[in-house]
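Below you'll find a set of structures to go through.
Below are two complexes that have chain A in common, paired first with chain B and then with chain C.
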Partner chain A sequence: MTASVTSRRPGPRRPPERNVLENETLGTRLHYLRRKIALQQVFAELFEKRWMEPAIPLTLLVGVVVFFSVATPGFATPENLLSSAAELAELSLVCIGMAVVMISGGIDLSVGSMFGLCNILMILLITLGGVPVPLALLLTLFAGAILGGVNGGIVAYLKARPFLTTLVTLIVFRGVLNLLDLNFSAQTATVFVLDPMWEWLGTGKVAGIPFSFVTLVVVLLIGHVLLSRSRIGWHITAVGASRRAARHAGIKVERVLLLCYVISGALCALAGIFYAARLSSASARVGEGLELNVLTAVILGGISLSGGKGTVWRAFIGAATISLLGKGLLLMNVGGEVLQTALAAVLIVAVGLDIKWGKNRGKAIQKTYVNPTLLRYRPAPDVRRGSGSAYEVNDRLLGAEAIGVGEVEGPEDVVLDSQGRLYCGTRQGWILRFSGRDFEHKEIFARIGGHPLGLGFDAEENLVVCVGGMGLYAVSPDGTPRKLSDETNRDWTRLRDDSRLRLADDLDITPDGKIYFSEATTRFGMADWILDGIEGRPNGRLLCYDPATGTTRTVIRDLVFPNGICSCHDGESLLIAQTWLCRILRYYHSGPNKGRLEIFMDNFPGYLDNINRSSDGGYWIALNGMRSPAYDLAMRMPSFRRRMMKRIPRDEWLYPSMNHGCVVKVSEAGDVLDTYWDPGGEAHATITSMREHDGYLYIGGLENNRVGRIKLSGSGAAQVDNRRPQSSARPVSVN
Partner chain B sequence: MRKVHLASLRVAAIAAAAMFAVTSCSTGGGSSSEEEGGGGGALPPNASSQQLRDHSISSTKGKKAAFVPVGLGTPLTEEWNRQLKRGFEAAGMEYVVRDPNWDTARQAEAVQSLINEKPDVLVVHNFDVQVLAKLIQQAEEAGIYVIQINMVSNYKSDAFVGADTIELGRRMATDIVKECGEATSTSHKVQIVQGDATSGFTLDVMAGAKEVFDQHPDIKIVSTQAANWDRTKAHDITATVIQQHPDLCASWGFWDQMQYGAATAIKEAGKIGQVKVFTSDHSAITCQALRDGLFFQSYGYSVPTQGTDIVSIAKYLLQSGKEPGSARIADFTPLVKIDRSNWDQPNMCYDGRTDGLTVS
Partner chain C sequence: MSAVLARFRPRSGVQLSQEQVVLLVVVALFMVFSFVLDGFLSVNNLLNLARSVSALGILSVGMAVVVIARGMDLSIVASMGVATAISIQLMQTQASTPVALLVGLGVVLLMGVFNGFLIAFVEIPALFATLASGLLVYGLARTTVLDGLIAELPGDRTFVRWLGQGAVLGIPVPILVFLVVAVLAQFMLGRMRTGRFIYAHGDNAGAAALTGVSVRPYTTIEYMLSAAIGFVGGLVVAGSVGGLNTQVIDGSLVYDVLLVVVVGGISLVGGRGSVLSVVVGTALIGVMLNGMTILNMNTHEKDIVKGLILLSALVLDNRLHPRDEETVRQGD
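== the complex of A and B ==
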């Protein structure tokens, strides 16, 4: 069964990450290659990225900039960009205010009126009022906040609908503005303000950049930190996402809403001040229809109308797109009506995309996330009684003693300490310890969380645990858990950030104390790992944690579901069981063959789980499910599996069979020595692990409600410490 | 500058402008030798016809002129645009128009972008007296001749072409006093429908009207509101005013396009025979409204010639070689009273599409 390469030269060459069948033709190889490429996967992983959400608006912005740079000669000049920056700053400030309100689940239609009112107020204060510029500035900002406060007060405390409320205040504020315009504007019109600070507000530059734009950048940075890093920012998002849930969580919803509208008002005031300083136009028209532009910009930036989603950057991207689009069309001498129409078209498209995209993005990712590939198997060995095969079904597990029946849920792995106490993980995230003569005494040894899977003891009697969903943990003898590692070096060739450990599965500790452990798949979690079986791609990896340095590194990547890890008796290699490929790899981590990866055994009749050493120099292998001709065939037909996932509901899919397994004992040479079956699957259907200790074999199962134990007879019961390879210096302890 | 109102004839106005400029040129001494583009400064008096022709053509050919109205789509701005386009292009110049579509901020953007592009001549139609003031100054500093049309800015540029709005206000007010003053048996109530309150046009007309009305305390101004050049607003304001003052004597709106709305409201109230509707400008709608008895009287200000005047002044500026901003001249186009007696005479109203001129 051993298919090792004859060359003894250690090299980086590794066997193909698939089952290589005899007489493989070029066509088959091309077929494999074609199935290896998964554009859908790239799509799904790309769109899963959070930074992809503003990607479409950003692309649009870049498109607008590129288009006008090419089409309009005056567009890409520094002068135009600088003067555009000042105009953009005012629009963006208002957009940020609108964005904050929209993130909180509201809408502020009165921004245009507040902007115009603050503009005229600022001009009145410094021309007719004769107020010093800094004081006028503060007064106007305060007035803006008050206007926003009126909106916020009505929306938050009187529980009025934001749309109608701000529509009314739009008209009211505009009315006040008209009144001021009629009574005072004519008098302001002929006053020239020569205050240098006023001049500087309008035309001043910091390092060549208009002061208003510099202010915008500062507001953007503060807004970003406030929205994404501060308590109040999270409160705003929470209120927008679900007001009721936010209230239940103890958030003072009214106060948060009020604050949002106040921010909007104050930002409108700030924009109005810059506008006033730049143009000194006390016209009643200022800000007329601005709410439409702002709304278009904000929605275009990808801030959802339904609230709870958005950043200040997106508001800025939207504002920049609208502003530059307008500027570009203006430079192309396009008429004003065309510009309005273009904006309206953009708004319709943006709203449509917002709804479609928001609704279907998750679905699109889900539909394309699983990408079946081609896997082939040789005909599975016969396991029927009387078939004469090495895997023949027998009744050896029928008489297994049950430990902790009904008290343990999902003991994926079992291990025993030097005192013969039994440890296993459960799906509640606990480590249970059974002690006593018949393991009748149960206690919760540690509560880690996640789903503890592979177990192992290190030289200091610390229990090292692979926790699905969390990473690698160690529990000291007194039951205190601590994290060893939950991340490794990222694979930069992949779109998905795989530095976090999603599904640490099994581990073993080599004589030099290093902990080798497998991560079965980086694409799926504890809840849906079975989808990896439908996919069949090399998504897993072998990792190594070095306790001396406390670091984790990836040893072998792109493995198809590496599950069981076992340090070989020679102390310089590891066995890696690959579930979906039904084969075992041998990896030399040290010694003369260091770095070599070869196939130890392949074509098992079932899917492999954990591997452990046996006391007589062989290995125990758990089969958690048996192959079936139907599923073997399905694995040859990736498009069939894809069709299956698209067409029929999930509970009717064809999955790898995980409902019946056995324990196989193999020799160091890779020959099958023995099998242990529970033919009816009553006590031990899915077997995920087994551990030999003191003449007994202990059996665990991911879905089982017990740990089983059978007495081994004959040579299998030799009393050898099997927890560590023989080269270990640790003294053998016998209970 | 506004007081330099010399004559009511267009030719005289241009002549005056030219004289003014020439005078300042000669008194400016050496400044005329400063060349501006292909201008070439002053020619000697004995230059040949060929030299004069070359000088004229080289000063304008390939130059760029730009026009920023408050918004196209009205007969007034369309007429200007048409005349400017024809005049500048006939002179071998490039002509662009940027339409802000009645948006102050966008008008400022348009002018700002033009300053960046540095055309040779910039024609602006100011929304209000402030919004472009700084920008016009910047444009002049950037070496652009700026000509303002009909609505003046607080910052006076090289030239202004348009109605003599102060005089217009005076004359109109005088006419209203004649119709509604103490000598009449009316209520003496007058409604004023302004354009934008901060528009140069509104401010100046109001200033002229104030002079007259101050001397006639019998006239009661019952309402002064800004309809922002918008017909619907004028209609809505007037509909309310006519309810409050059913005995209104006159309604005075500052633009025919806008005031048509006010006239409609008065007609709807059944008062069109009693309330006399005054306005200014003379697009086709004025003649129609006079024919239909909606308007009582209007003042035209020779809109079809304003565009050609601007082209003439631009040509003069380009050929003179003067620094932008070194002159401040005004060309007030003649005011023509149009009423129900003379509206049907030839060329009283323009339609923004046709006239007797053809493109060369």
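== the complex of A and C ==
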């Protein structure tokens, strides 16, 4: 049965072609290839990335810049960009204010009027009031804050609707502005101020960059730190994300909301001041319809209407897009009306996308996350009674003694120490120890968390354990757990960061002390690993933890659900049980064949779980469920499985059956020697492991409420070494 | 729905509905103005007052339909203005009056469908959707269809002129049009299945959907209705001043409409109020505007006063019909 498949140099490697049978036609191979490519998966993983959301607006901005640089000759000139920078700075300041308000879950439509009002106020203070420029600046900023405070007060404390409130204050502020303009238009039309600071505000440059733009950068930096690193920023985000939760967490919601509107007002004032200084004039039309530009910019930048999400950078990106779009269209001699129309259309589309995306993002990722691929099996061996096959059903597990019935939940693996005490992991994240003549004494050996799966003792009698959801741990003989590893080297060719261990499954320790362990799947966790069975993709890997260096590295990646790991009797190779492929691989980690990967056994009648050495030089293999013709058929129809997942509820899907299986004993040569069945799975359903010790076979199951043991006939006297195999002893036995 | 329930509620002492309170305020304001302001209490002025606010009243009836269904149509003035301007522009050519009117009606209905689609199917909050769609339709019309800012009604189109300037038995036609629209809308809202469904939708959209109201198509119908009623108002405006200045779209007319609706007692939470609320609201705003005009206030001062009143009305409405502030969506 042993067939050499491939031999390559050591290092992270790919296993032999998944399960393409021999003598396949070219068509079938192409079919496999097509099923191997998973664009959907790439998209799903791409959209899961956090950087994906700002990436889209940024791409848009780059697109706008590139388009206008190519399409309009005057666009990419330094003069144009510098003059744009001043305008952009003013728009961006207003956008940042709007962004802060929107992150807090509100909206501020009155920004245009506040901008205009502060602009005229600044001019009037200087011309009419004769106030020195610095004082006028402060007063205007204060006035802006007051205007924002009016909005905030009504929204936060009187609990009015932000949208309508600010829509109405828009017209009230605009009315005040119009009145001022009506009465003082002579003073505001053009202003001559001979104050160096005024000059500096309007035309000053720092290293060639307009002063307003420098101010913007400062505001951006401060805003970024405030929003993402300070307490008040977190409060703002919390209020926007969930007002109720924020209140329950003790945040003073009203005060936070008020502050947001005040910030918006003050930033509008700042923008208005720069505008006033730049143009040295004011009119009633300043800032008219600005709210449309600002709203479009902010939403285009990716700040969600629903609140709680966004950064100042996104506001800036949006503002830059809108501002450059306006500038470019102006250079192309397109009228302002067209721009306004386009902005309204963009606003509708962006809001629609924002809402649909926010609502369906999770669903879309979930729907596209599982990507079935093609798996093809040979006909399963007959297991019926009287069939004469090696896997024939028998009743040998029926008489198994039960240990700890009802006291243990989900002992995936069992192991015995040198004193004959029994250890097993449980669903609660504990490791239980049974001792006494009939294992009647139970104690909690260690509490780790996660779901302890594969177990093994190292040379110092430490219990090494694979914890599903946590990684690789070691428990010292006195019961103190210690983390060995929870990460490995990342595969940089993947979008998804797979450095964390999500589902460490089984382990074995080689004679040189290295701990080889499997991670069954990197795409699913302890709760939904069965989905990996529907997918059938090579998502797992073989890892190696070296106690000498304390590091973990990936030995083989792209394995289809590697489950059981067993160091062979020769001490220089490993057996890797692949659950969904019903296949066992043999990997040489040292010796003359180092790096060689071959198929040890293939085409089991059921899904494989753990493997362990037997006392007589063979191996025990657990089958946690039997294959069925229906599911075998489903596995060669990926689109069928995809359709199944889309169209019917999850509890009606076809799954690989995980109900009753058996324990199979095989020889070193890969021949089936014996089977142990519990037909119907009455005491031992979903057998996931077995361990031979002192003439007994101990049986564990992932879903079981007991550990079972049966006395082995024949090899009763033999003893298997469950600790590290002696490198000298070839067919291991005798302690 | 609550209006129905209210009837069965035991009443102790004198309880006034919001309409009655507003009516009392109107009467009080009326009396004060009559004493204080010269030339307020004259038949001429009062007819003038009624005629000038009837277009506002018609628009408000349109707005009321969507507000009762817990919506908001900020694009009502834009679609009205654009459709009326297109109609008038057609009338300047050889097209017959009915054809021109039908085209205008088609434009507003299309606009209603667009709004309804955005709100019901794309699920954009009504405020955003209609704010943006109003700007969009105005911008589109300005850049493609409309010739200038002002569309002048040709003198031979007597029907439209009659709508704005005619009189039946001494009563100006705009007032009659307003009354007809109000009665029809009240009949539709109070007596027809569509109307009851609109109330159900506004009272509790989720419950309405569960009991079998096709909420999404109904949303579309509501916005179509609102836009169509708005178009009638636009024709009245066009008739009375002999044309339409599309700059009205940029102005504060939509705030007046909102003011009428909210002050009259059609709460923004939906499912409350009736066309009667619009009538008393229109009366209040009419008296107020007229008083302000006689006081010689300019547009900006009026805007400020109206804005402040609208602000207090919004706050008050929120006090009377509080929302669950912690679970509302943006734009509700």
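Rule of thumb we're sticking to: the second predicted complex is superposed on the first by the 637 of 735 C-alpha atoms of A that agree within 3 Å, B and C clash if a C-alpha of one lies under 4 Å from a C-alpha of the other, contacts with A are read in each partner's own complex, and residues count from 1 in each chain.
The rule we apply is simple: contacts are C-beta pairs under 8 Å (C-beta built on N, C-alpha and C of every residue); 3 or more make two chains touch, one makes a residue touch a chain.
Bear in mind the structure is a predicted one, so any value in this text is a computation, not a measurement.
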So, A:Leu654: does it touch chain B (first), chain C (second), both, or neither?
-> neither
Which of the two partners, first being chain B and second being chain C, lies in contact with A:Val131: first, second, both, or neither?
-> neither
Would you sort A:Leu279 into first (chain B), second (chain C), both or neither based on which partner it touches?
-> first
If you stack the two complexes on chain A, which partner ends up touching A:Leu158: first (chain B), second (chain C), both, or neither?
-> second
Touching A:Thr203 in the superposition: chain B (first), chain C (second), both, neither?
-> first
Is A:Ser306 in contact with chain B, with chain C, with both, or with neither (first, second, both, neither)?
-> second
Where does A:Ile146 make contact in the superposed view: on chain B (first), on chain C (second), on both, or on neither?
-> neither
Check the residue A:Thr169 against both partner chains and state whether it touches chain B (first), chain C (second), both, or neither.
-> second
Considering only the touch criterion stated at the top, classify A:Leu46 as touching first (chain B), second (chain C), both, or neither.
-> neither
Following superposition on chain A, which residues of chain A contact chain B and also contact chain C?
-> 178, 182, 335, 337, 340
Residue set of chain A touching chain B in the complex reads 74, 77, 79-80, 83-84, 87, 90, 178, 181-182, 185-186, 188-190, 192, 202-203, 275, 278-286, 288-289, 326-327, 330-331, 333-337, 339-340
Counting only contacts in the complex, chain B reaches chain A at residues 71-73, 96-106, 108-110, 112-113, 115-117, 127-134, 154, 196-198, 202-203, 206, 224-226, 228
Which bits of chain C are touching chain A when the two form their complex?
-> 74, 118, 122-125, 127-129, 132-133, 135-136, 139-140, 142-143, 252, 255, 258, 268, 298-301, 303-304, 306-308, 310-311, 314-315, 318, 322-323, 325-327, 329-332
What residues on chain A touch chain C, complex-wise?
-> 105-107, 154, 158-161, 163-165, 167-169, 171-172, 174-176, 178-179, 182, 243-244, 247, 292, 305-307, 335, 337-338, 340-345, 347-348, 351-352, 355-356, 359
